[in-house]
C-alpha cells in the first residue's frame, strides 16, 4: 500500500457573468484507491455540485461563476492498494464473455479511431499469444515508436496523427495504445491522474494520462509514455479517451493559468512510508464492476 | 399512440469457428415505447445473451457461432406513445443544471468532432434564441446543406467529412447535426431505428438513424435527413454516435447479406389503426432518466 | 506605377556542417514588375546559386552553409506597373481554351484539396455569372467566413481545415480561396510577397500570401485575407500553394530567428511618389505566358 | 530494347452540351522511349488539341464534345530502350546540386504529404547508406507494409491514409513511396503507364502507376506495388502525384465505361522479339533534363 497526497490549484479570470465550469480533479474512490481525506476550497465561495458517475466512478464537479477571479484548491490523501497478478496468469476474454459494462471500450472514440487500425494491428499483434503479454507488447510498441516531445501535439491530435507524426505527450501515447488495443478487441480506456515520481527535468508537474486494459476480470494499468512509476499514480477520471476526462471544461470567456500540482508520499497510519516503485507484476486498481 | 410491427432478417456465412457477434436490433423499452410482443429466432439454434444497458436502454445481443450459415429473425410489436410539447415551451438547460447522465453527450465522439466546429456553430447558431427552435434550426441547416445520396459515404465518414462533402446518408446527417449541437452545448445523441413510411423509391427498407437533443427534461426527436415521419420511428439503440449503435458487429471471417426489413402499422387492442403522421409539436420518446 | 523598396534579413544558427538552404525571397521579374536594383549579402560569405524557374519566374536561391551563424540580407527596389482592367470585361476561359501552362493550377494540391470541395463550390458559386465577378465573390465569401487570427493555424493546415475551423492567417485564406476556385474550374495559384501598408497593429511586418486567378488572358490579384492594399504587393514566389513558395527551406539542425522585413514607397526616377491605393479595377501583374 | 504496342478504348455518354475533356493517354516521347507509330480515333469526329508539356513531356489531349456518345481509340507502338546502371553506382544528390527542374518533386503534394512523414522516414530510413539502395529499401518497405486489394481506396486516398490502412492499389503504393522519399529529400514523382505482363488473375488490364526517384543524373523506376515487370512499362504521364496524371478528366454530366486496354510485345524491325523481363540493374527511361 502506498499513501499519496496531492494538491491541485487552478486559477481563472472570468470575463462574462455566469460561466459554467466542469472539473474532474477529484480522486476516484475504487476498491483499491481509498480516500483518507480530501478538501476543496473555492474562492470566492460558490455553490457547487459534485456527482460520481456510477459507471466510471469519475467525480464531476460543476459550478457557475461570475466575472472576476476564480481559484480552486483541491487536496486529497489516498491509500492505493494495488492488486498485483502474475502477468502470465492474466488472460484475454472473448467478446462474448466480456462484462456488458466493458463493451463501450471496444468501439472507436474521438481520439482513438480503432476502426482505421484493424489491419495494422492485426498484422503487428494478431499472431501474438493472447493475454496480458499482448497488451504489454502493444504498450512497448507505442513507447518505442513515439517520441515524447512537449508541445508536439494539440487538443485535436488523435491516435492516427500520433501514428503518423511519431511524437506526442502522455495523452497521445495513451490514445494510440487504446486505439491499437481496441483494434484487436482488447477493451481499453483512458485514465487521468497525478503521478508520483515524475522526472523534474520534464518541467513543472502536470496531469498524467495512462491506459487501462480489461483482462481477466480486471482493468490493468499500462503507461505507454513510460515516464512514470505506475505504482505512483493516483487515479482521477476514467473514460473512452481524453474527451471524457478533461480536468477542466469552461463555458464562456475565461483566461486560465497553468495548474499548480504537487504530490508526495506519506507514512501510513502505522507510520510506515512506502515509496512507489517499479514492480514486475500486472498492476490493477479497478475490478470488473467498473 | 401508434402500434408498429417490424421484422429484421439477417443472414451470414461464417468461415471460422467460434465467431462472436454483437447485435443491436431489439426494440428499446422506454416509458413511451412499450413492447407488446417480440420474438427472436436463431438458426441454427444457439445460446445467446441479451443485456439491457442501464443508461441507454439499448439491448445488446451476443452470441458465438461456428462455421456455416447463420440466420437471425427478429420481430417486435411496439406501442409508441409520443410525448408532444409545444416547441416554444421547450427550453435549453444550462450545463450546470443538466442531469449528470446527459453530460457524456456534450463531448466529441468518433464521428461527431464537435470540438472542431465551435467557431462555425457559434457563428451560425450562437445568436439564436435558446430553446427547441435552435435545435430545429440546426436540423434544418443540416438538411438544406447536405444532399441525400446513397453510397456517398463509408463507415469512416465523420461529421467533418459531411460538412465538406455536403452529401451523405441518414447516418451522416445525424452525425453532423449532433456535432453542431454539441458545439453550442446542446447534448445530442444518435438513435437507430426502423422508420414507417420510408419512400419506396429509395430502395429496400433500411435501418434509419436520427438524432435526439436533450432540452427541458427530455430527449426530443429530430430527423435531419428529413426522409421520414418521426412518429413512425421505432427506436432500437441509442449512443454517442454510430460507433455505439452498430446493428451487427462481427468478429471473424464472415460474409453477410443485406438485411431484410419490414415494418407496418397495426390496429391497437381496441381495433383502432393510427397511422404515423407529421405533427407540428416537439416529439419525445424518452425522459430525463435515460 | 509604384516604386517600392523592401528588405529582408534572415538569421540562423547552424548546428551541423554542410546544411543546405533553399530561399525564395527575391523579387520576381515580370512584365509588370521591374527590378530597378537589388542586393544580396550573405554572412559569412558563401557561394550560392540563383535560379529563375522558367514557368513561374520565382527565383530560387540555394546555398550550403557550415556550422555557426548565417545571416542573409536582401534588398530590392522594384517598379510595379499594374495592369488594370474593368472587372466586367474580364471573362472566364473554358478548360478547352486555357493556355497549357495554366492547367496545373486546376488540379488539387497539398493544401488546396479542390477535389473535396466540388459539391460545395458548385452549390455556392456554380450558378453565378462567369467572369472576374465570380472569383471576386469567392474571395469575399472566404473573407467573410474566415476570421483572421494569429497562430490559429500551423504549417500543416489545409483548405479543408480552414473551412472547418473558420480561422487562419493570410496563407490559410489563400489556400481556401484557391481550392474553391479550382473546384469550379477557375485556375488559381498562390503568391508570396511583401505588402506595403500592412496594419502595424498586426505586429511586425511579415510575409504576405495572396491569390491569383487566371481569367481572360492574365493572372488577376485577389487578397482574400483582406488586410492589405493589392497595389502595394511586391511579388516574390508563385506556385500551386505554400508548398511551392516557402521563403526558406532548411535541411539540417538549424535554429532560426523571426525575419526582419521592411518596405517603403519611393519616388520614381522623375521624383514623383505614388503611394499604393485601393483601386476598383481588376489588377494583374502577370500575363498569359506565366 | 523492347517493342510494345498498346491500345486504349474509352467510351462515354454525355448528357450536357459542350463538355470539356482532358486526356493523358498518349505515350510519352523520351530519350529512352521512342514512338514508332501511333493513332487516335475520336468518334464522332471532333477537333482536338494535343499539347506536350515541356517539363514532364506528358502529352495532354483536350477536346469539347456535345451530348451523345463519345469514343476514343488510341494505339501506339513504342520502342523502350532502358538505361541500366549498376545500383551501387547510382548516388544520391545533395539538394544544393539537384537540377532546378527537379526541386518541385521534393515538396509535398495533394496525395503525398511528405511534410507529415519526416520523423517516421528519418527513423526508418535516415541511417541507411545514401544511394539507389536507400530508395530501393523504401520501395520494399512500402511493398511489405501495404497489401494490394482492389477497391480498398478511393480517389481521395492519400499517402497518410495508406500508411494507416495498409491496403491499396498501385496508385496508393506509389503515393506512399513518393511521400517517404521526399521526406528524406529524395526527389520522387508519379508515373502512369500500361504494364506488359500484368497478372490476368487481377482482372482486366488497367492503367498502372509507379514511381521514379531522381538519383545521380537520372530518374530511376520503382514499382512499389510489385505486381509488374518494370521493363514492360510504357510511360504515359508524369507528375507530382495522381492529381497531375489523370488519364481522363471530365467537365460536365458524363457517364463513363471501364477503359479497355491491351498491350503486347512485338518483334522489332529486325524481326527479333524481346520480352520484358526482370533485371537486377537500376532502370531508367528518363534523363536529367526531364
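So that you can tell them apart, the chains are marked A, B, C and D in the order they are listed, and the count of residues begins at 1 in each.
Here is the rule we go by: contacts are C-beta pairs under 8 Å (C-beta built on N, C-alpha and C of every residue); 3 or more make two chains touch, one makes a residue touch a chain.
These figures come from a predicted structure and were not determined experimentally.
Q: Give me the step distance from subunit B to subunit D, shortest route via touching chains only.
A: 2
Q: If you apply the touch rule, which chains end up adjacent to both subunit B and subunit C?
A: Chains that touch both subunit B and subunit C, as defined above, do not exist here.
Q: How big is the gap, in whole Å, between where the Cα atoms of subunit A centre and where those of subunit B centre?
A: Distance between chain centres: 31 Å.
Q: Could you tell me the distance, in whole angstrom, between the mean C-alpha positions of subunit A and subunit D?
A: Whole-Å distance between the two chain centres: 48.
Q: Please report how many Å separate the Cα centroid of subunit A from that of subunit C, as a whole number.
A: That gives a centre separation of 46 Å.
Q: Can you list every residue of subunit A that touches 2 or more other chains, as numbers and ranges?
A: Counting only residues that touch two or more other chains, subunit A contributes 116.
Q: Line, ring, star, complete or other: which one describes how these chains touch?
A: Here the contact pattern is a ring, one closed loop where every chain has two partners.
Q: Chain pairs in touch?
A: Touch list across chains, by label: A-B, A-D, B-C, C-D.
Q: Mind pulling up the subunit D residues that touch subunit C in the complex?
A: 20, 22, 49, 51, 53, 55, 60, 62-64, 94-96, 100, 103-104, 107-110, 113, 115-116, 155-156, 185, 243-244, 246, 251
Q: Quick one: in the complex, what on subunit A touches subunit D?
A: Residues 116-117, 119-120, 123, 147, 160, 163-167 of subunit A touch subunit D in their complex.
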